[in-house]
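Lettered A, B, C and D in written order, each chain numbered from 1.
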Amino acid sequence: MSNILTIFIGMALINNFVLVKFLGLCPFFGVSKKLSNAASMGLAVTLVMFLASAVTWPITHYILAPLEAEFMSTVTYILVIATLVQIMELFIMRTNYGLYSAFGIYLALITTNCAVLGVTLVNARESFNFIESLASALGAGAGFALVLIIMSGIRERLDTSNLPKSMKGLPVAFLTAALLGLAFSGFSGMV
Amino acid sequence: MQLVAAILLVALIGLLCGLAIYIVYIRVPHKVPGLGKIDEINKLLPGMNCGACGYAGCFAFAQEVSRNPQLASQATCPMLLGNDEVIKQLEIALGVSIDTESMNKKAMLHCKGSSENLFDYSGVQSCKAASLLAGGFKRCPYACLGLGDCMRACKYDAISIDGDKGIAVIDYVKCTGCALCVRECPQNLINMVSGRSKVSYRCNYSEIRVIPGRERCNNGCTHCRKCFVACKYDAIIWNKEKAVPEFDSAKCTLCGECVAVCPTRTLEYFQPAISPYAV
Amino acid sequence: MGKWFKEFIKGLVLSNPIFVLALGLCPALAVTNSLDNALGMSAAVIFVLLCSNVLVALIRTWVASIVRIPVFIVIIATFVTMVSLTFEAYMPVLYESLGIYLPLIVVNCIILGRAEAFASRNRLSLSVADALGMGLGFTLAIVIIAVIRETLGSGSLSLFEHVLFSFPVLEQQPVSLFLLPAGAFLVIGLLLAAFRRVGLIKNE
Amino acid sequence: MRFSIIKRFYAIAFLTLVVIISASLLSLTYSLTAEQIKLRQHEQFLGYLGEMFPEMTGFEYNDELYYVYDDALLLGYAFTASKAGYSGDINIMVGLSDKETVKGVLIISQTETPGIGTRILDEPFIGQFAGMNVNDIRLRSEGGQADTITGATVSSKAVIEAISQAAKEKLAGING
């Protein structure tokens, strides 16, 4: 049991996917303008990561490994992730269009979200068992959502402060991410 | 040989994925109930997705409005206000009459600026900066500092700074209800009220109330409730947790009882038509 | 011809993938701690972006719309895996230093972003222009970032093992913050603000 | 009705077709580059082994342990170890001049943060193992003699633990 917990904490905080491992930055800067979008994006990414790990683990262990076709793992993983995202996109579009239009391009970009593929690749490399890979997916998703929510909270606050014109928007987001990155590198010695 | 097996199995995965997408594409109810109507309304809307109406975009606004049509008159769609024939079509589509006047929101400043300066402030000429310095240089910590943050934010230059009183003055004719100034004011003095409202409440009491032993300027509301008692048409509703009067412009007949009875003259006429700015 | 050139220039500065569109940041931040890595990565990205844009533009009329994203991403993944296999076989040094970021070109948001937003909607020649423009825009951006990060972070700037120039003072006491993830964010943020101040990119 | 069936299943067929083509293309490139990669890795490994034992002429490999010879004379042993460091695996080769004393340690590949993690390559850390008894290579806190680098604890701890674990498993063969 404790191994699962260390993996979860490890993925969420210590090598947090966004600030330490640099994965999943594109939607991170795109969606984190409004807190509500950030929360739903974080949830959507965690869900996709969880399902993706659940589906890719059996594929790796029962199809790719026995046939020594590891080189095909990237293609198969990304195919599975793209399908999951496409299905989720259809669901969100049909049930709550407001959220769908708020996501805009960034929903399609979950497919290319490096963090999601990153999780599956890390699961394969660390050769976790099924439960461990689910825990690491949840950890990574939780880490991603946590940082996304912190970031959007700060960015909403920054919008009303009077920054120099050229700083408003993206540049200040990068600087906030820099400070967050420093804070998160503090976790590195924990496990 | 193994590679061929791997290729076939991966192809099988591809087939399953395609099948999954296809099944979901068919199974999920293609037509959200009333989607047709939402499309119809969405076509009428400008489609700028500017968010001024407070929704995530025109389609989201159309979705909400198709659920309850009264929303159309409360939310402001600044682009829509200009052309009337689109509003007519919207009225037909929604089956409800849209009262453009109340839809057309105005910014109201909750301060008369009569609390005197504690010290003369020569720092950065912006309300945000001044308000960071111990809540501003006025005796009342939530008064309007008149350094023009809202004026700079307003695109339609509807806001100017009144020289002697040192507070912002909102020109209700020019104001289009875009609510850009609301976010700029660090003291939360400005909020959007319906264009139809008749009486304006000129004190930021709801913010000050939290500070025990707060200083009041002579025009500050003493929360004596005389206006609430005086109003014969019960057009004033007493907001309990904020302990401030709220005005229902539909019932108000502009009899002027409340404005006359208010001991600290915090209430004023708002209706732009009657007295543009009766101080 | 003008239209082709306009698309090309657009990718370089006007809608530079990193500074304006804020896409493709994952490799841009991770790999720019040394100039060789940055150049290696951008060569791979340009190659994959070009091939995928060409192929996507070719098949855009046949692909059914509900499966278009999985199809595009499979094409991109194939090109990337081929690139990473050839790198591993023939250029091991570069393969070592690019590490995990080579397979992650698949999820580099520029490639699918351009394939989805541009190549699937325009003619072949325009897609090629867009691919080249975006690729060079990406290279330009990450080279600038790499130069700054490597010089400040390790005191010297080397291009394929021969040192271009080095600062003796900085060499003893390099600002190793710039080699950390946080440093990369800092550099991009300040650069973007500077470009906006200079007017190269319009403010928000 | 017929047309709509084809149209409907067209999407799935198209996706499967693309996957088949891409998978076969990949297998083709894989088979082409497979021996090249193996050759490359072998060459690289030989290089490191040669660096460790300059006068080596040949070596034998059985159950994860390399026996290094200078024609008939047994020069020593070598084994590999690897563990996940800060941002990727660290592969190490440990050379032993006899059953216990370490001749030297070499880092074959690592992707640690440059400037911080890469300090495991510098002399003071990597040199400390030469001449040490292989069983003493454990963290000071666990009674060993190897000490980590301040500021790069994650990477240096990974190296020490990798060597001690690999030593336990792989040397069991000869001293067991």
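The rule is short, and it goes like this: a residue touches a chain if its C-beta (ideal position, glycine included) is under 8 Å from a C-beta of that chain, and two chains touch if they have at least 3 such contacts.
What you see is a predicted model, and the numbers here were worked out from it, not measured in a lab.
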Two chains sharing the most contacts, counting C-beta pairs only:
A-C
Taking each chain's centre as its mean C-alpha position, how far apart are subunit B and subunit D in Å?
63
Cα centroid separation, subunit C vs subunit D, in Å, comes to 30
For subunit A paired with subunit B, centre-to-centre distance based on mean C-alpha positions, whole Å
35
Which residues does subunit C have that touch at least 2 chains other than itself?
66-67, 70, 74, 77-78, 81, 85, 100, 180
Among the residues of subunit A, pick out those that touch two or more other chains and give their numbers.
21, 69, 71-72, 75, 79, 82-83, 86
Sequence positions of subunit D contacting 2 or more other chains
11-12, 14-15, 18-19, 22-23, 26-27, 30, 87
Name the shape of the chain contact graph, picking from line, ring, star, complete and other.
complete
Note which residues of subunit D are touching subunit B in the complex, please.
8-9, 11-16, 18-20, 23-24, 27, 30-31
Seen from subunit D, its contact residues with subunit C in the complex are 10-12, 14-15, 18-19, 22, 25-26, 29-30, 33, 36-37, 40, 44, 87-88, 109, 111, 113-116
In the complex, subunit A touches subunit B at residues 59, 63-64, 67-69, 72, 75-76, 79-80, 82-83, 86-87, 90-91, 94-95, 97-99, 101-102, 159-162
Residues of subunit B touching subunit D in the complex:
3-4, 6-7, 10-11, 13-15, 17-19, 21-22
Interface with subunit A, subunit B side, in the complex: residues 2-3, 5-6, 9-10, 13-14, 17-18, 20-21, 24-25, 28-30, 32, 38, 49, 55-57, 59-60, 63-64, 126, 128, 149, 183-184
